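Worksheet for the structure shown next.
For clarity, chains are labelled A, B, C, D, E and F in written order, and residue numbers in each chain start from 1.
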Amino acid sequence: MFATVLKISLVCVSISMLGLIYRMIKGPSVADRVVALDAIGINLIAIIALVSMILDTSAFLEAILLLGILSFIGTVAFSKFIEKGEVIENGRDL
Amino acid sequence: MKTNDIILQTVAKVASLVIILFSIYIFFGGHYSPGGGFVGGLLASGAIVLLLLAYDLKTVANMLPVDYKLVVAAGLLISSATVSGALFFDAPLMTHAYQYFELPLLGHTSLHTAVLFDLGVYLVVIGITMTIIQTIGESE
Amino acid sequence: MNNLVFLPVLLPLLTGIILIFFSKYIKIQRFLSLVSSSLGIILSCLLIGKVHDQGILALQVGSWEAPFGISIVADMLSSLLVLTTNIIGFAVLIYSFYSIGTGREKFYYYSFVQFLLVGVNGAFLTGDIFNLFVFFEVMLMSSYVLLVLGGTKAQLRESLKYILVNVISSALFVISVAYLYSVVGTLNMADISRRIAESGQPGIITVIAVSFLIVFGLKGAIFPLFYWLPGSYYAPPIPVIALFGALLTKVGVYAILRTFTLLFYHDQQYTHELLGILAIFTIIVGTIGAVGYWDIKKIIIYNIVIAVGMITFGISLMNEQGLSGAIYYTIHDMIIKAALFLLVGIMAMITGTSDLRKMGGLIQAYPYAAWTFFIAAISLAGIPPFSGFAGKLLLLEGAVEGEAYVGFAVILISSLLMLYSVMKIFINGFWGKPRAYKDADLVPVSRLAVPAALLVIVSIALGLGTEAIYPYISQAMEPLIDPAIYINAVLKE
Amino acid sequence: MEIVMAVVIGILFMSATYLMLSKSILRIIIGTGLLSHGAHLLILTMGGLKRGSVPLLGESAGPYVDPLPQALILTAIVISFGVTSLFLVVAYRTYQELGTDNMDKLRGKESNE
Amino acid sequence: MEFREVEYMSSLHWAILSPFFIACFIPLVYKQFHRVHTGWFVLFLPIVLFIYFTGFIHEVGDGRHLSASLGWIPSLGINFDVYADGLSLLFSLLITGIGALVILYSIYYLDKDKEKLHTFYVYLLLFMGSMLGLVLSDNLIVLYMFWEFTSLSSFLLIGYWYHRERSRYGAQKSLLITVLGGLSMLGGFVLLSFMGDTYSIRELMGQTGELATDPLFTASLLLILLGAFTKSAQFPFHIWLPDAMEAPTPVSAYLHSATMVKAGIYLVARLSPVFAESSLWFWLIASAGILTLVWGSYSAVKQTDLKAILAYSTISQLGMIMSLLGAGAAALHYESMDKNIYMAATVAAVFHLINHATFKGSLFMAAGIVDHETGTRDIRKLGGLMNFMPITFTITIIGAFSMAGLPPFNGFLSKEMFFTSMVRVTEMEIFNMETWGVLFPVLAWVGSIFTFVYSMIIVLKTFTGKFKPEKLEKKPHEAPLGMLIPPVILASLVIIFGFFPNLLASTVIEPAVAAIQPGLSQKQFQIHISHWHGFTIELYMTLGVILLGSLLYITWDKWKCVYHIIPGRLSLNRMYDALLAGMERGSIGVTKLFMTGYIRTYLVYIFLFFIVSLGITLWREDAFAFDVGNTAPVRLYEVIISVIIATSAIVILFAKSRLTSIIILGAIGYMVSLFFVLFRAPDLALTQLVIETISVALFLLCFYHLPKLSSRKEERVAFRLNNALISIGVGVIVALIALSSHSNKLFESISNYYIENAYEEAGGKNIVNVILVDFRGLDTMFEITVLGIAALGIFALIKLRLARGTLKDENE
Amino acid sequence: MAEIFKFIAGCLILIGAFLSLVSAFGIIRLPDVYTRNHAASKSSTLGIMSILIGTFIYFFLEHGHFNSRILLGVVFIFITAPVAGHIISRAAYNTGVKLWDKSVLDDLKQAHDRIPSEQKDQ
């Protein structure tokens, strides 16, 4: 029963993943892509959580936090890239 | 364009702390659970990168006045010293030694020279990532 | 338990690391690298002595028994090549002191050279196919950096191509290892050899053998895969070219030698025939390139290709003469190519150009450099008693024995054209009307010529003393003919 | 599953090759990225995709998957990361110095005989 | 036959090596004693050596041989074995004797203040040593070594005045042609040693019969003959010799007339016992010789440069000796025939060898004197010098008349013997000799006529006729005494040998002939050379030569247009030049054809080779296997991810913007890490995730400044189609091999060991991590080294920007 | 007891999966970047959190270990996701990505208009 739930969820998440990838490829603006990417990161977390339950192992739980971190850093970096054209500022003229 | 980054900066500080703690955890857990020096190092540098994103190169350089190239060198040195340490014990190179200890707080733990080796990896990875990002960042 | 085996790798590694700390202090860097290089030569001599006495030495790194851990194996072939590498490193180092410039010196030039030596020595010594890949990468990464260090336009342009080609070859290396692992389930070369022998080399292994040939052929620059080489080796400063020319392609060739004698020797009808054909084409194409150019660097660069062809031809013969010829020729060629590059570099520095048509008469002001070049040139062409001869003779004998008459003829003709190509440099560069060159006074020619002369002396010694080193060569050749020697030494059965 | 993987790997190699044959440096580097992905997946596949548990001792008793290919992949990933980053920087500097990202304009001077 | 081993070992070796040792000290002496002409220091050596070698005449004359052995590379069968028999001794005497005279001559010829004497004498000594080594060594490889040394020292001597274009040209030409011969000879030697399993000439001679049946025998013969012919300037390889005349005249006198060019003759003579079993041997040698004789003498007539005439005359004389040796070799082939008949040819060859050295040496020196004193060697500018330089005139007359074969000089005697031998060739019964054999005497006779003509030209055009002071650079006068002594000595030898030929016969010629024809015991023959044989055909031939030759000389202006029949561009020299230029142009052309400089082209080669070689191997080895049994089951979500990766990989090909491609690459990376999750590789998943993120960040960092992707419209369809085909090929091959490898799992993997020992032996539970830091820790060690190098490299690459063109950065 | 918790975990996971599906649907269907971002950050965050909590419960029940990493992950996502959403929107706005043509209000535009134009160009 629980396994079925997991599988259904996994299929849901996978489908939403496909949709997000569609959005990422389609655009139209760069910001759209970044939004999609951010969401993909979040979805990946979900997938990993589900998979680790299916595989019945806690080995991948590190990956969850890691992905959260990366997804955040990535989103910030992308946004800065879009906004300012450079990811890391050399020194801010205050 | 000038932007107001206070939200980002505040969150970044907190998040960096969390990330660094996590990286240390992952580094020490490497022998028993997924992770190890490599991922740990990458995560630690991720924390620094987050700071870089939120602030800028100069500010972060003031916060953490480290020459990352020397961190690379130090890491390499530690690892290669661990490898060659066996020379002094008349054992084939890279032979690790470990011992189990009962330590307060941590309980049953092993002290393992492999951890030392991994520490080298950890440092090298931090050094490398930061050297690369810093130099590229500066050149723009 | 023979930690000595690994010291030729560990020493430059530690030196390279320590040098990073002294990046601002050039004098200390020079001193340390010199000390380390000399130590390296001594260590490799010791290693050769020990291998000579005790046979193949194997170090099981980390005390893990053979097929499971990584084995570092020093047979005579590896030890000889390691010694040669260290000698070349030493000479190039001295040359670098006076020519590389403080800019590069401050940016870890000496560390990179040491790391390059790590990679090369490691590749010669390792007995594990995946570890070989790792050492290849160490070597390649250092070579990328050395190639591009300084960041001039030509360097950047050529580095891009060089890196691209090598990235491809690395990826192919990885997939070849993966294929091999899938079929035989192990990574230790001795173990692989044993397992392949057990299975009698089925077709799939032959396919994998060919894919390894492509990988190593890309690095060693054999016939249809060498095209990247002339451009890439043209760009960096001379000491770097000398290192590349002498060492890098030879590592590829060594890998071919090792894998095709130790692992894939059961279907010689196909694999070695293919190797032989490619080798002959390599010689021909290299010769064609070498005779056409009027650029001194280009001429020597194409000569590298010829040498690669010669050595692989020796490997393809798979008989005693052919293999010892290949070994001897490899050692000779490493030394003499380094010497030639250093000398050509002196010429280019004096005249400010590498175009032969713009130079002339150098022998008048620089007789010692000229004669060193002359000897290096005839040694390259294989005129006795210099070092090129014994290798060529053995290759010729091997060719007759293996009834490879086409190769026999090609070696002879290419020897002539090799001589023509280098004598062209002598005739037009050193002979001819002396000209005035600005900046010529700034070049410390007498100091620069010392390392080149050193290498040429080694070459002469190698030629005159062929008898003295012949036992070593034949000891190096034995495991190639009879892989059981190697396997037993590593797996200790 | 190995058959599906072989197809995926084949497609990755195909795209990588196509990209590397194009003229823009960026596309070429992306090609090398795909190439290394393909290579890593290939190691994994060649190690066998048989069901087993995660190679962490103590988690479960059952048969483990082959850990060796994983270690190899890890090494390969790290190395290809190093190479890719250097490659990127070289490309970036090339663009700065030579002002182009078109490989055809970076033709070597093979003609200086 | 008795040998005296070891006793003479050191002295003979020392004799060979002494010139090399002395050469080492020459630069020192030159620096220390600049006032004295360096030649004086050198002169003693050949004299001492000459005396040393004369000491052996008696011994060798008695049929004893000197031999000694010195190990060099015994493992390869290469030993510095020396062996002196009559032939070697004859050559050694020539080398040292003429050498002494030439050095004496050079002391006056070369100005000690203007010339770089030390280099000159170093080269000369190198040459002398190599030549001695060549004629005295018994080991083929050592012989080859000295052979190449003579080529090299000749190269250096020809290029002695290296600032002259012609000198460099001549040097290069001689080097190329002689080394070509040398290498082919080496090839022959290797084949020979493969057949006979030794490099020792003596041992090879012992197995003549067995060798001749070997299939490689003919190849070896041809290769060795090519070496001999190039060295001895036989047609059509003679073209280097006239250009070699750019060397200082003493060098021409020494190398290019008396010694080096005779190395080929020595080789033929030395190996005749080995090869003469084959009729091809003497057939080739005799024909090449006679052709060279005719062509050389014919070409000599049209030359205007004194030394060029002498060069061509040398060519023709060498041809003559060669043809004699060929005819003589027949004696070895026909055991049954009367040996004395054919022996006569060998005797003539040896005798003429000596004669040629004497008269040609004197002629060269005389030409040098003329050049030295008048500033030109052009016979169109010379004339009437008889009155200014009477001694030189006399020397020239003696030399030239001897060369023309006039009595009473020694040339007459050998010319007579030559005719005899050639007439006898017609009696041989090989290759339809009864028809073709007639050509030999006829050609010999024609060659002699031209020889007569050019001999007359040398004498008469230079010394008689109208004196043209306006065309000369200097006012001519007789040369200094020292310069005259050597040619006078040689000229007197011409006369002495002419009158008393039997002085040589028993001392030098007999042992030499015995060495060439070891089948004959020395006691079997006695050589006696006489002036008068009665009214034989030879005498008539000589008379004919004189008559017709004089006629031709007088009517020279009428028939010289003959030389224009063959147009200049078909001449061998032009062909050589065209060959060289063509080779250069062709090689550039070919190289440019494939070395386009575009990395794309190179990649195409690489990928095509990958596809073709692996495809063919797969097909040929029938290696493709497909085994479904061993595979893991397919899961739906795995398929989804596979589809995502595959589509993304294809979509990326059509990505228009830079950012899109980067993002898609990142997405693929994340999908790969999902695969790692699915296939139970947590460490990999973690690493891949982080690395992918950082890579994407780097991509963005580096590519912000770059312009938009170049519009893809420029690329033609064919271009994209090619790319697509190649890519598909690569993909298919990779996948096919992957499937086959997977279906061919022949062995258990070693990884069970790791699973079993990770905790007990290495104290870790994460097996992958234990492998990384312990079992295969070395990989990790060097993997982080790679990363470290990359980081430092990136740092250096961005920070260090050297300008181009400075001295310290010499590239470009 | 365990069954109930397992049921709760299952529910949470299902809800999470459903939410992420919805958010993906929103990201595909919504008209402009701001609305899409809204969909992404709101429902996706909620979705992932419920899945993670479900996972946490599952592991707590099945294996009995208290997995701090998941909780840490939940907290981390909870902190960072809004910030990420905020930054993306700002970036989009500042680079001039058009609002949906049916948007009724643009407060930031008014705020920006008050800033002199030369400052904006920096």
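We take it that a residue touches a chain if its C-beta (ideal position, glycine included) is under 8 Å from a C-beta of that chain, and two chains touch if they have at least 3 such contacts.
Treat the numbers as computed from the prediction; the structure is a model and nothing was measured.
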Taking mean CA positions as centres, which chain lies farthest from chain F? E
Identity of the most central chain, Cα criterion: C
Identify the chain pair with more contacting C-beta pairs: B-F or B-C. B-C
Using mean CA coordinates as chain centres, what's the chain B-chain E distance in Å? 63
Whole-Å distance, chain E centre to chain F centre, using C-alpha means? 80
Could you please state the distance in Å, as a whole number, between where the Cα atoms of chain A are centred and where those of chain C are centred? 48
Just curious, how far off is chain D from chain A if you go by their C-alpha centres, in Å? 22
If a residue has to touch 2 or more other chains to count, which residues of chain E qualify? 588, 591, 595, 597, 599, 603, 680, 682-683, 685-687, 690-691, 693-694, 697-698, 701-702, 704-705, 734, 738, 741-742, 745, 749-750, 754, 765-766, 768, 772, 774-780, 783-795, 797-799
Where in chain B do residues touch two or more other chains at once? 1, 3, 8, 15, 22, 26, 32-35, 38-39, 43, 46, 49, 69, 72-73, 76, 80, 83, 94, 96, 128, 132-133, 136-138, 140
Could you tell me which residues belong to chain C and also touch two or more other chains? 13, 17, 20, 61-62, 130, 134, 137, 141, 144-145, 148, 151-154, 160-161, 164, 168, 175, 178-179, 181-182, 187, 230-231, 234, 292-293
A full list of chain pairs that touch reads A-B, A-D, A-E, A-F, B-C, B-D, B-E, B-F, C-D, C-E, D-E
Mind pulling up the chain B residues that touch chain E in the complex? 26, 30-39, 42-43, 46, 49, 68-69, 72-73, 75-76, 79-80, 83, 94, 96, 98, 100, 110, 112, 114, 117-118, 120-121, 124-125, 127-129, 131-133, 135-140
Using the touch rule from the top, collect the residues of chain B that touch chain C in their complex. 69-70, 72-73, 76-77, 80, 83-84, 86-87, 90-96
Across the complex, what residues on chain B touch chain A? 1, 3, 8, 12, 15, 19, 22, 26, 33-35, 39, 43, 46, 49-50, 52-59, 133, 137-138, 140
Residues of chain D defined as touching chain E within the complex: 1-27, 29-30, 33-34, 37-38, 40-42, 44-58, 64-68, 70-75, 77-79, 81-86, 88-93, 95-96, 101-104, 106-111, 113
So, in the complex, the side of chain B touching chain D is made of residues 32-34, 38, 128, 132, 136
